[in-house]
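One structure, pasted below without further comment.
Chain naming follows the written order as A, B, C and D, and within any one chain the residues start at number 1.
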Amino acid sequence: MKKIFAVALGILTAIGGFVDIGDLVTNALVGSRFGLSLAWVVVVGVIGIVVFSEMSGRVAAISGRATFDLVRERLGPRIGLANLLASMGVTFLTFIAEIGGVALAIEIATSVNEVLWVPVVAAALWIVLWRVRFSVLENVFGLVGLALVVFAVALWKLDPDWGALWAQVTSFSPGADNTWTQYCYYAVALFGAALTPYEVFFFSSGGVEEHWGEKDVGTMRLNVFLGFPLGGALSLAVAAVTAVVFLPAGVEVESLSQVPLPVAIALGKIGVAIALLGFFAATFGAACETGLSVGYSIAQFYGWSWGKFVAPRQAARFHAVILLSTLVAVAVLLTTVDPVAVTEYSVVFSALALPLTYLPILVIANDPDYMGERVNGRLANVLGSVYLVVILVVAVAAIPLMILTRGGQ
Amino acid sequence: MPGRDEPGFRRQYDAELHLLDRQIVDRDGRPVAKVDDIELAVRADGRLAVAALLCGPGALGPRTGGRPGRWTTAIWRRLRTEEDPQPGRIDAALVTGTDNAVHVSASADELRVDGLERWVRHYVVDRIPGAGHAD
Amino acid sequence: MTARALRPDRSRWRAAVLAAAAALTASACATPEGDPSLYRDEAVSTTKAAHSSVATVAIVLRTRLRDLTFGRAADDAVSTAETSLTSTAGTFEGLQPPRGADSVRRQATQLLSDAEDAVAAARIAVRRDDRAGMRAALVAVTRSADALDKAPETLP
Amino acid sequence: MRTDPAVTGGPGVRHRISELLGSRVRLPDGSCPGFVNEVRLAGGPGLQSYVVDGLVVGSRVQGSMLGYDRREVLGPRVLRAVVRLVNRDLSYAPWASVRRIDWDERVVEVERLGPLTDERAPR
């Protein structure tokens, strides 16, 4: 049991990257439109986030420096500020979406409009971020979020034509009803979501919160190697069940309320209840992850005291930022904006934030001044360099694709 | 001197690479500020010596440059009550050593370079129940 | 690679953002008036989107009738689909049809209003937990889904 | 080594290191080989005893080797090669060769430029 709790940070981090509200709907949409023909992107994304989280976690464990410290130290105040603004664009928009996502999950269970739940959810979230211990937060939401495994069980129970599914996986093409531009747009969106920068902000800062030292590098790696592939597998399971149920029916997923339907068909009410619990925990966990990441990044950029391991009054500006973001998020959501639509715009900010986040991690993970003997090995460097190039290509392609496809339509 | 050995001093510093933008940590290990700029003083022998670490928006703004930098500086001036506000200053003699952070021998409260932190603590955070409760 | 050397040319960057925003707005607002074939394309994509909503409702009704999901979850799924359908249909009905496209408009509008009626009936039955009503609605919804599915061929 | 205080301004005068970074470098023949990219400090013990040891000069206003100028920072090889290529024109102006710093015009007059050496290389 203790072993499970030891990897809760990795699981919670991965949930924010792979099955938060935006990803749940996007994965279901991709499954219903493209089948599993984009599954390879998730695999590529998982490897990428594993490579860079391992580096950022190792830097945190050896040097005690979290990721936004590195950004500022290697890029300086000017480009560092550009990255701060872009990363905040991604993280804060996602934070808003998650609060709306928790409200949506509750709406499905109660059929009371999500807008009415927003203030309640936000208040509960803020109390958790203010008062609940970091370890409790990651254990509860990380592990309860695993309820989403019900999608994998549903897939097995649906007993689809596995050969046909595998044919989709290996088709590497958009299929008859979609264009290549649309295919590329969703490939970029899935890749961007897998490597979304708040994962490394949260993971490395979480390592500092947990007082990782050199002896904890093994635990850190266990978190990385278990957490992210698990997150990727969950997102693939969501895409697979929608590919089985919705693709032949000609249904394109556009809202969270459609996502539990395949589980209902396969497993009935019990399955739906577990899926809704999973939605709630995953979106609430992702809200914690993004909310804290907003505070972590700003505090680390400006050198403020931060973290949940000190009393709030010892990290006053950090907690003020979290309080303020929660209030602004509520204000935005009360305009009745669609929370899922909010995440689509974050792709734009990823274009700038991704390269400017992963370059400094790669550089510092090679610097013996920080790392001593624990600098990157050859494999980490080869993969890191290759992924940096891929990230640059994706960053350049993201905005034109978004415009060409009108956001994937 | 990698890792978490006792912080000491390098033989040489490349100012931008080894000092600027590094975290300043107080004697209790608590983050205080970043090295936003470094003050040099002309010594009697004419050489430029490190006099102090400068921190806060008043030092960061000019270094950021461009419109974001000007805005940073302007907002900071507005929020200060003095006629000619100066950025936070930590005397170089207080620095006890460097590793991947810059360590100083005073506590954050004695350094008094984080006016906003104290303002937010006093007027916002301390008024919320549970502010003194650590993990 | 020397990040500090990257000095973005601010005016050019701003121009690019403005151009992108303009392109985005223009492409989002482009209405296919004038060309009858463009209008027909719009009708086809509208019926495709409507089919997605209606087929969702059919799945919800089937799962609810077999007691595989909760009343509230079914209600929420049907209501969300209905909102989406109404908005899709409203957007199409607001378009100005070009001359010579009136029959396309008449037929597509008919398909859409049939769909809206069937989905509304489904919502009423689900919310009342009226099983007979749900069965009746399922027949109408299925018929509407089939008609919408065939629209690319049947529209003039 | 004593320096005429006129080089840097009167004793006791304070400047920010950011005023030096990015300053234009001028040689006695009036040519401008580039800008101050980095300020190297040496001395001790105690940070207050460190003095400017020399200036790293590059052809762009700002530039950073990201640490790759040091021999022990190795990987990734591709990145190291790219950074070194971009910064291949870096040179070093030891303090003894600095004739005058004009803080207002942000110009540093330098006698001559030497090669940039690894800080840990034996001298």
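As a convention for this text, a contact is a pair of C-beta atoms (placed from the backbone, for glycine too) under 8 Å apart; a residue touches a chain by one contact, two chains touch by 3 or more.
What you are looking at is a predicted structure, and each value in this text was computed from that prediction instead of being measured.
**Q** Quick one: how many steps at least from chain A to chain D, stepping chain to touching chain?
**A** Contact-graph shortest path, chain A to chain D, evaluates to 1.
**Q** Tell me which of A-B and A-C has more C-beta pairs in contact.
**A** Comparing A-B with A-C, the pair joined by more C-beta contacts is A-B.
**Q** Taking each chain's centre as the mean of its CA atoms, how far is chain A from chain B in angstrom?
**A** Measuring from centre to centre gives 33 Å for this pair.
**Q** Please tell me the distance, in whole Å, between the geometric centres of chain A and chain C computed from their C-alpha atoms.
**A** Using C-alpha averages as centres, the distance is 29 Å.
**Q** I'd like to verify one number: the distance from the centre of chain B to the centre of chain C, where each centre is the average of its C-alpha atoms, in whole angstrom.
**A** So the centre of chain B lies 56 Å away from the centre of chain C.
**Q** Roughly how far is chain B from chain D, centre to centre by C-alpha average, rounded to an integer in Å?
**A** The separation of the two C-alpha centroids amounts to 23 Å.
**Q** Return the residues of chain B touching two or more other chains; collapse runs of consecutive numbers into ranges.
**A** In chain B, 16, 20, 63, 66 touch at least two other chains.
**Q** Which parts of chain C, given as residue numbers and ranges, touch two or more other chains?
**A** 1, 3-4
**Q** Which chain A residues sit where two or more other chains touch them?
**A** Touching at least two other chains: 74, 76, 78, 368-369.
**Q** Could you list, by residue number, the parts of chain A that touch chain D in their complex?
**A** Residues in contact with chain D: 74, 76, 362-363, 366-369, 375-376, 378, 381-382, 384-385, 388.
**Q** Going by the contact rule set out above, which residues of chain D touch chain A in the complex?
**A** Against chain A, the touching part of chain D is residues 62, 64, 66-67, 72-79.
**Q** Quick one: in the complex, what on chain B touches chain A?
**A** 1-4, 16, 18, 20-24, 30-34, 36, 55, 60, 63-66, 68-69, 99-101, 108, 114, 116-118, 120-121, 124-126, 128, 130-135
**Q** State the interface residues of chain D toward chain B in the complex, per the touch definition above.
**A** 2-18, 20-21, 37-53, 56, 64-67, 95, 119-120
**Q** Please name which positions on chain A make contact with chain C in the complex.
**A** Interface residues on the chain A side: 74-76, 78-79, 82, 107-111, 245, 249-252, 254-255, 257-258, 260-261, 264-265, 268-269, 272-273, 276, 356, 359, 399, 403, 406.
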